[in-house]
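Below: one structure, written as structure tokens.
Order of writing sets the chain letters: A, B and C. Residues in each chain are counted from 1.
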Amino acid sequence: MILEIENLKTYYKIEKGVVKANDGISLSIKENEVVGLAGESGCGKSTLIRTLIRLVPQSAQVTADKMNFMDQDILAMPEKDFREKILWQGIALVPQSAMNALNPVYRVGDQCTEAISAHTDYDKAECEQIVKRLFDAVGLQAGMMKAYPHEFSGGMRQRAMIAMSLLLSPALVIMDEPTTGLDVLVQERILRNIKEIRQKSESAVSILLITHDISVIAEMSDRIGIMYAGRLMESAESRELFNEPYHPYTLGLKNAFPSIKALDRELISIPGSPPNLIEDIPGCLFAFRCPFVIPECEKTRPPDLEIKPGHMVHCIRTDHVEEFRKLAGDKKTWQSSRSAT
Amino acid sequence: MAILEVSDLKQYFYLQPTFLGKLVGGAKPRIIKAVDGVSFTMQHGEILGVAGESGCGKSTACLAIAKLREPTGGDILYKERNIAEMSKSETRNYRREVQLIFQDPYESLNPRYTVFDSVAEPLRALTDKSKAEIRERTNETIALAGLTPEEYKNRYPHQMSGGERQRVGIAQALVLEPKLVIADEPLSMLDVSIRAGILDLIRDLSKRMNFSCIYVSHDLSILSNISERLMIMYLGRIMELGVTRDVVTDPHHPYARALIAAVPIPDPAYKRPIPKIKGEVAQPIDPPPGCRFQTRCLQVMDICRDTEPPLKEVKPGHAVACHLY
Amino acid sequence: MKLDSIKDFFVTQYGIITSNRFGKFGASIILFFGIVALLAPWIAPHELWESLRDSNGKLAMLRPPSLEFPLGTTAMGRDILSQMIFATRTTFLIGLVSGLISIVIGANIGLFSAFYGGKTDEILMRFTDIVYGMPFLPFLIVLISLFGRNIWFVIIAICCIVWRTSARVVRSQALAIRQRQFIMAARARGCSNLRIIYGHIMPNILPLLLLYTSFNIAWSVLAEAGASFLGFSDPDNLTWGGILYNLWISGKIRTAWWWFAWPSICIILLVSSLVFISRAYEEVANPRLKQR
């Protein structure tokens, strides 16, 4: 097990109160597995990433029942150890908007070799070999090593970032919206690259893929988790999540995505917007937008039910799922939810 | 009568060579041919989707059609009148009938204007309506866009979500009851769960208020859902144009084929084909003669390198610009 | 802009100014001077140029502050308190008028320069550069020697110089606003150029404009004080600088501390207050630009 998180909570203290950015997230990532986290703005993805690589501000409160990376407790680990041993070598990050992560006045190849030599004992030639190999793996010509960041196109920069994340052969790579904002052909190339890298990699690498694009997640992930307002609403193996969704939010998301293979399908949006994470919501966080809400839902937080092995749902009305799946396909159902008025 | 007839639209930008360039090598000014010969017609009430990656010229073409930028060449005929020849009052009228919906709901609204002021602005700028008429029409349009006027009219942009702001942008565009609306990627900056609602809004209003719509996007999934006809552009030229269903299910042009193959599907079981295309997206600077797609086409022939393929019908209503046909 | 929004405007400005300590302090000082200026003829105990006699009948020359003459008297036996009160009115007026005229000139030049760009921008900015090169005093001296000592020439001279910084600053902010998409949207919605400049760009640089209005008034007061002290002012309209000038030419500057204390303190107070108000605006004008 590469990553094991149980009941992770990250709270930010601000003037007006406490923002419960992550409120009890549990997920696990196995070796050589791609776990996709789908969620819209405000769902807590960025906080989760920052918590995992220890970039949260001092005032943030991070608690968890368990937070292990390769059986080491990374929550309790002192910062220095984390930075030297885990970051980049164990857990690497491909950040959103790759451009800003590169120093514009240094050649890209130099930045890469410097990164490697700072963390290992390899000499310059060996570092260059590693960089060259990885550039090749992501489809960048070796010549680009001598180029400056501004000479890279958007897609190329993203690929360079992916290469950089793999420099020290980490066990887990976190990819934050890796293809958002890129043209579809460029996106396709990158996704294909990632698949190729996984297949031929000497050391297996697991990926935590975080994006709002359900299609990308469907294509890339082995397992999928649906995030909303700081919690996981549902998580399961990819096909099972798509074929047998349980949570109303998942049902709603499925209808909200157009597909070129389903030209006549009616698109249905979920009225309302995510809750303000400062507010104390005693019940289910999705209750306000849920068309299937009952008074019970708003009184207590639903439990994380394991409805089937490996399939978790955060809802108390799973017994009605057959009915819900039918109703969710009808626009009127969603327009009757309270957030629609 | 077609509402819009664009023929051979061209938009070139001239890059002046650097001082050093002129000194050293007698460098000539370089030309960016952002739009290079785009021709199509639009009927009343139809929704035309324009697809293409960045740099294909779709947004540039829209600016020219909206009369926000003067084209370098070609003609744009609105209701059979050339917009370049319009007088000042005709242009004012044009603005009443041709409107834009912008991509960024955060940036396209004046942060100092309330919703009411923003939506009333086109009326104040372009019509002589009385205060009462303006108030009525504005409130009507705000409601039409799905927002309750009492609740929203005094709000400022920073007090609203992205979806709400975009609805205000739509209200702004529709308050004058235009006949042609150009929507430039209106959904790309919105959360996915609310996109469907805005898309439906545009579609419904287009039918109800009977306006034509040019919907520009790089997202083929969205375009396949909303547009009746689809136009695929590459480096300033149209590669394929036809009924959406035909173009998406039976694409002819190699670029269109590659593009459609590349679109991911929200279905884990789907095995996506590999797009048959090579190379990186090129810049429209000093393009070589012949087909714009030659550097990336896997089926390129000699003729492609010196003659530009014309946009020809391969089936009724389905045209392709390729020498393979 | 509708009428009720003008009331809102003042309410908002009041809120902004009093939102921090500096602003509160500055506003109260200015309010105090303003009231004095307004009520001058009624609260001044004596006439402006009246030479006074004390209880013994002697000319009350160079008396230090006492109960009879709270701020002391001048070499000609004039009550400094009364002089100060009348001078407050004139100083205030000159500062306000010059400041307002100069911000109107500067803002418009900046706005038009930024909006139209190209040749217009070049011409206007080159003109601004030339004015930057012009020194204030020699210019004032030339005006006065040509046309005589009159309060209006002082105002004109100040206006001609003080607008230049506002023009530059307004231009750069207006340029930034002009690039933003809602300006293009306004064009698409049919707004005329003037409507865009005054209806869309200007409201977005309002905090900056108010900040510089405050600055301009402060600079005007200083410029006027400096000019008056050197004698380049209207002898009939006394200002605080004028009082200092009278002190200077009387040669009693070393002995009559009360004569220069009050004008100097007041000049410092007024200018500081104006700068403090600018400070309150700075907090609004600067990083709050992007609000999502």
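Criterion: a residue touches a chain if its C-beta (ideal position, glycine included) is under 8 Å from a C-beta of that chain, and two chains touch if they have at least 3 such contacts.
Predicted model only: the values in this text are computed from it and were never measured.
*Asks:* Among line, ring, star, complete and other, which best matches the way these chains touch?
*Replies:* Basically the chains just string along in a line.
*Asks:* By CA centroid distance, what chain is farthest from subunit C?
*Replies:* A
*Asks:* Using mean C-alpha positions as chain centres, tell me how far subunit B is from subunit C in Å, no decimals.
*Replies:* 51
*Asks:* Measuring centre to centre with CA averages, how many angstrom lie between subunit A and subunit C?
*Replies:* 57
*Asks:* State, to the nearest whole Å, the distance from the C-alpha centre of subunit A to the C-alpha centre of subunit B.
*Replies:* Distance between chain centres, rounded to whole Å: 32 Å.
*Asks:* Write out the stretch or stretches of subunit A touching subunit B in their complex.
*Replies:* 40-41, 153, 155-156, 183-188, 191-192, 212-216, 218-219, 221, 238-239, 241-242, 252-261, 263, 265, 267-271, 273
*Asks:* State the interface residues of subunit B toward subunit C in the complex, per the touch definition above.
*Replies:* Of all residues in subunit B, those touching subunit C are 66, 68, 92, 95-96, 99-100, 102, 104, 106-113, 121-122, 125-126, 157-158, 169, 172, 176.
*Asks:* Under the definition above, what is the set of subunit B residues touching subunit A in their complex?
*Replies:* Against subunit A, the touching part of subunit B is residues 53-54, 161, 163, 191-200, 218-222, 224-225, 244-245, 248-249, 258-270, 272, 274-275, 277, 280-281.
*Asks:* Under the definition above, what is the set of subunit C residues touching subunit B in their complex?
*Replies:* 180-182, 184-192, 195, 199-200, 203-204, 206, 291-292
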